[in-house]
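My structure is below; once you've seen it, I'll send some questions.
Note that the chains take the letters A, B, C and D in the order they are written out, and that residue 1 is the start of every chain.
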Amino acid sequence: MYFASDNSSGAHPKIMEAVQKANADYAMPYGSDPIMDEVRQQIRDVFEAPEAAVYLVATGSAANALALACMCQPWQTIFAHREAHIEVDECGAPMFYTGGAKIELIDGDDAKLSPAALHAAIEKTGQLGVHNPQRGPLSLTNLTEAGAAYTPAEVRALADVAHSFGVGVHMDGARFTNALVATGASAAEMTWKAGVDAVSFGGTKNGCLGVEAVILFDPKVAWEFELRRKRGGHLFSKHRYLSAQMNAYLKDDLWLEMARHANAMGKRLSDGILQIEGGELLHPTDANQVFARWPRKGHQKAHAAGAAYYFWPFDHDLAGDPDALLGARAVASWSTTERDVDTFLELISGG
Amino acid sequence: MYFASDNSSGAHPKIMEAVQKANADYAMPYGSDPIMDEVRQQIRDVFEAPEAAVYLVATGSAANALALACMCQPWQTIFAHREAHIEVDECGAPMFYTGGAKIELIDGDDAKLSPAALHAAIEKTGQLGVHNPQRGPLSLTNLTEAGAAYTPAEVRALADVAHSFGVGVHMDGARFTNALVATGASAAEMTWKAGVDAVSFGGTKNGCLGVEAVILFDPKVAWEFELRRKRGGHLFSKHRYLSAQMNAYLKDDLWLEMARHANAMGKRLSDGILQIEGGELLHPTDANQVFARWPRKGHQKAHAAGAAYYFWPFDHDLAGDPDALLGARAVASWSTTERDVDTFLELISGG
Amino acid sequence: MYFASDNSSGAHPKIMEAVQKANADYAMPYGSDPIMDEVRQQIRDVFEAPEAAVYLVATGSAANALALACMCQPWQTIFAHREAHIEVDECGAPMFYTGGAKIELIDGDDAKLSPAALHAAIEKTGQLGVHNPQRGPLSLTNLTEAGAAYTPAEVRALADVAHSFGVGVHMDGARFTNALVATGASAAEMTWKAGVDAVSFGGTKNGCLGVEAVILFDPKVAWEFELRRKRGGHLFSKHRYLSAQMNAYLKDDLWLEMARHANAMGKRLSDGILQIEGGELLHPTDANQVFARWPRKGHQKAHAAGAAYYFWPFDHDLAGDPDALLGARAVASWSTTERDVDTFLELISGG
Amino acid sequence: MYFASDNSSGAHPKIMEAVQKANADYAMPYGSDPIMDEVRQQIRDVFEAPEAAVYLVATGSAANALALACMCQPWQTIFAHREAHIEVDECGAPMFYTGGAKIELIDGDDAKLSPAALHAAIEKTGQLGVHNPQRGPLSLTNLTEAGAAYTPAEVRALADVAHSFGVGVHMDGARFTNALVATGASAAEMTWKAGVDAVSFGGTKNGCLGVEAVILFDPKVAWEFELRRKRGGHLFSKHRYLSAQMNAYLKDDLWLEMARHANAMGKRLSDGILQIEGGELLHPTDANQVFARWPRKGHQKAHAAGAAYYFWPFDHDLAGDPDALLGARAVASWSTTERDVDTFLELISGG
């Protein structure tokens, strides 16, 4: 029962098989492998964006930081939710890659931004001209850090605010496919049709070994991206192993199939928690991440059985009143089984 | 016949098998996987360095830039050969990661530095105090960019110069194992016993998918390295796939076996070229990289047959006097076969 | 009637005279002028810090950013008040000079931090290890952006919190002397005796042309500071003109005399505003900065007469209900006269 | 007898007087002072460039680094002479301000570049695409570090090379006026008419306290320059003192008059050295900097008398064969007198 994070899952057998198959023979290095040509076309098809520039890197932090660095001058301010991965979980990678930009933190329920809060934050930035940090891009996370999914209409509303101030829109899509499945939106509807200029399209958390695509809907920044990727040490010589993952990921809707499964397991878990006496959700379970609260005795049983997940916030104490409600984050993945969920539920029900 | 670079080879089946095996089940992310514990011990054993800090990244540029950033302040000067990879082939990655250090370029035959040239370069740096860029680390490449191997004694002599000025020594070991095999030195003899403070220990070019170890013999900089790696986007969530490669690479001397083979194929190719009328070496073939010259007609035949290798320098012209000697770089790898070499030799002999 | 900022005042005649006097003859450049030797000693005497490293630069942003860069790694977080100059008014200079550090913004009345708020902010930073930006220095502003003065005891309490987490303390003293006069503290009591590790000691706003001292109580970072100053383009060749200003500034207590006058004028203005019908303070007037509110009709009269000061917040509208209260910032300086204050009061009383 | 550098001279009395005059009353800060309006017009007139963006900073390193940062991406290469101030004497300021660009060092007599050498250097840069640092701006120094003056035709020839590769041209004009006087060229002829895109127009070394103008002939980068200046801590609050210097400097041809005098004193010194037995020039004396060699006994006498100048190279030894020729750099300034020169000549003649 491993619910600590979807990044603790392995890779789907089809992805692993593709990597192995790509191993045959020699291949041109640094992204000139023929599989990458296929991948570029697959992504352009999936995103209905025939002109998009498409690149692969191995980590989500690299994808986010490199994309943002192409959209943000060193003296600008990125607008993001207070809990955004780029703020909290990347040891300042965006500051490093942009050359010292700052992030303006905005509050909002379920780690989502509202157009009004975004408008206020951008408006107050840079009002005194050269003295202030200047306005830079919006970075949205979909699925959010609290497991919520923005709909295309919500993205559109936020992108409209950003564009009204002349700044671009980046989407951190580490769990992009989970958000698509949650909303029923197409990749195009969720991105450029809603005003997104660049997306970090995650593969790692959803069944790959380690691959993320950066998709730049404005191909004018493509060369800058390539230079930043190389300079950041993120251009792989044996690039074919990245290509192979993404190729298999997108083939026959494997990416959607895996996210659908993960979301279904998230829902199964979420529904089950609501059946527990005292069980309640901290955030709506739109996809595969469950934020919920249940009595301590259930946590005690689960820990004793070796279940892996995080307290939420992190610093809860396992000892204490057995009926006190303690929060937790539990994340399902493509490899979570119904049995995993049910066993876990039985434990945390504390019965 | 693929001699363009050893980074165009695939991964050794045993490495691929290890990656696949590592795929089973869940694993702790971000380097906390149990395979990494094994790898740390393997590397400490191989380098006879029980205290060394050991980290994995996926590219050689990342390994070099991150290691150097821990050894070099932004206002310092790295000392390196004019043809060093960090100067020529990384789009300025060390400048980016150090926050703007410069590289002082030093000339030397076969892309090797001499102690005298190094001494002169360091001595003249920073003589006017605060006005000048300051003295920083030496970065040696072994195997050099011209295919030559430094012996431990040569490394020692250079490290003594560096240390006499109070600066550290980094070794770019993208082809470290080829250099070990070429010289018969042990990993410890080639590094810390010879005065090296940090080494980028390459796996990618020698039969892995994409993995390089950074070994810091001074564990005091370990935490800084970890922060820089994370901030650079180079800490893998599904780290087990890096660990698995390095684990298999070092098991049962596979790393040495592959380099021995590659070096033998380099020698076979080099010896064969000297049999060609007009054939001559541009640099001694110490290991798996061959820099040589032969008549244009041999190049014409090889190109017509689709052989892959580089002119050296790059901009030679295939058309012209068939007897004119044109330089080339041809690199053997773990997967080069005797037949590959012999077929290639037959072509370039122009017969 | 110029109350827009103390940086709009000229230089005190004695300072100007010193600059002129320093112009005679040749002088060693780059801080080796003999006047700087005197200045170093003056500052060490004033701060009772015989070992302190002392440097001059020409702007407050340079002083702050250079000092902070010596105290803060690129991956660390500076702790400061939300309204701090380093956050709001320096176009990101600290992010530039530190190589991409971030600032954690903390709220507090009168632009002051409380120990509890500081403790909470530092404690929650870096809890997840390598994933998070790390803990870095505290930067206090005294006088605060809201015109309040920290007492030495208040500084001590905050410094104790910072030091308990192992991070240093910087004081932005653009209006340091005003704070000293306001509290009656000595320079030593306000700084190193209260736990401050480095101070930007302002001269520009208090009667100089443009000079700020950076005082590092830990001389171990002196050389790094010198390199950063030079690399930042802030080491003056004709340094004597900086030295001469600071020399005259500190001679015969001129610095204290000017701040005393400015604070007295601030109080005169503040007291006068409270006499106006509807007049009230937005922040206590501890020194020379007055934040207050009075009826619009007073603003209208003052604007019509050409009085210079800022609405607070900036975007008030001059047109509208004449009795509505509108906020303002008015800053007195060494050159503000009683007559300036009284004339201004008469205007804004709207009578 | 002070010939160590022109930066050891004081300021011309008219400049000092202007600074004093500017001290009256209040003035808008941060470059909004009315004197700056005059200066902008003066510079546009002098350079015959009605659209040029004009900014003031206080040091030459700031002027160079800020101008170059607006012309050079972090991954690009600046092309400059091996002895250029930006390479040797600024502790890496251009690397800091550009975010990690590198400088490609080019050799050439008298610290001048030839079009052929420049062409070769640019051509070989970036040939392997994304792997290499990319081509960036040319930075010329006029007067050169060896005291030579480029003519407008020479600048044109170099600028043509740069522009043929699509990169811009910066001129480090720390001694720009000396170069103008030496060649008889106008400011426009030496800059934009010859293909220069941005110039650091020095005042400090030629009789000011500390002021340099940056003139951007392409006003499209003006806003970026303003942000970089502020972020670098180089925007002065009491800007009027910078404005006043430049205002007086350009008034009634004072700048030209001072440079004419300095150049004449340089020539007088140079001519005199050639009269000494064994006296010879290391570089032609085009302006106010003299690089020459004469017997050690002359150096001994001069040192004994307290004359200030530099050995060239720096590390000559005063003890030894009295007839051995030792090199020196001696720089005349606006304040050098004929008597200074003649006294110095008498000493170094060793008679």
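As a convention for this text, a residue touches a chain if its C-beta (ideal position, glycine included) is under 8 Å from a C-beta of that chain, and two chains touch if they have at least 3 such contacts.
Listed by chain with UniProt protein names: A, B, C, D = L-threonine aldolase.
Note that the structure is a prediction, hence the values are computed from the model and not measured.
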If a chain touches chain C (L-threonine aldolase) and chain D (L-threonine aldolase) alike, it appears here: A, B
A-B or A-D - the one linked by more C-beta pairs in contact: A-B
Remotest chain, chain D (L-threonine aldolase) as reference, centres from CA atoms: A
Centre distance in Å when chain A (L-threonine aldolase) and chain D (L-threonine aldolase) are each reduced to the mean of their C-alpha atoms: 52
Interchain centroid distance [CA atoms averaged], chain A (L-threonine aldolase)/chain C (L-threonine aldolase), Å: 42
Interchain centroid distance [CA atoms averaged], chain A (L-threonine aldolase)/chain B (L-threonine aldolase), Å: 34
Shared-contact residues (touching 2 or more other chains) in chain D (L-threonine aldolase): 74-75, 90-92, 96, 99, 130-131, 134, 227, 230-231, 235
Contact graph of the chains (line, ring, star, complete, other): complete
List of chain B (L-threonine aldolase) residues in touch with chain A (L-threonine aldolase) within their complex: 2, 5, 7-11, 16, 19-20, 22-29, 57-63, 65-66, 90-93, 96-97, 204-205, 209-210, 227, 230-238, 241, 308, 335
Of chain A (L-threonine aldolase), residues touching chain D (L-threonine aldolase) in the complex: 30, 73-75, 99, 130-131, 134, 224, 226-228, 230-231, 235
Touching residues on chain C (L-threonine aldolase), where the partner in the complex is chain A (L-threonine aldolase): 74-75, 88-92, 95-96, 98-103, 127-128, 130-134, 314-315
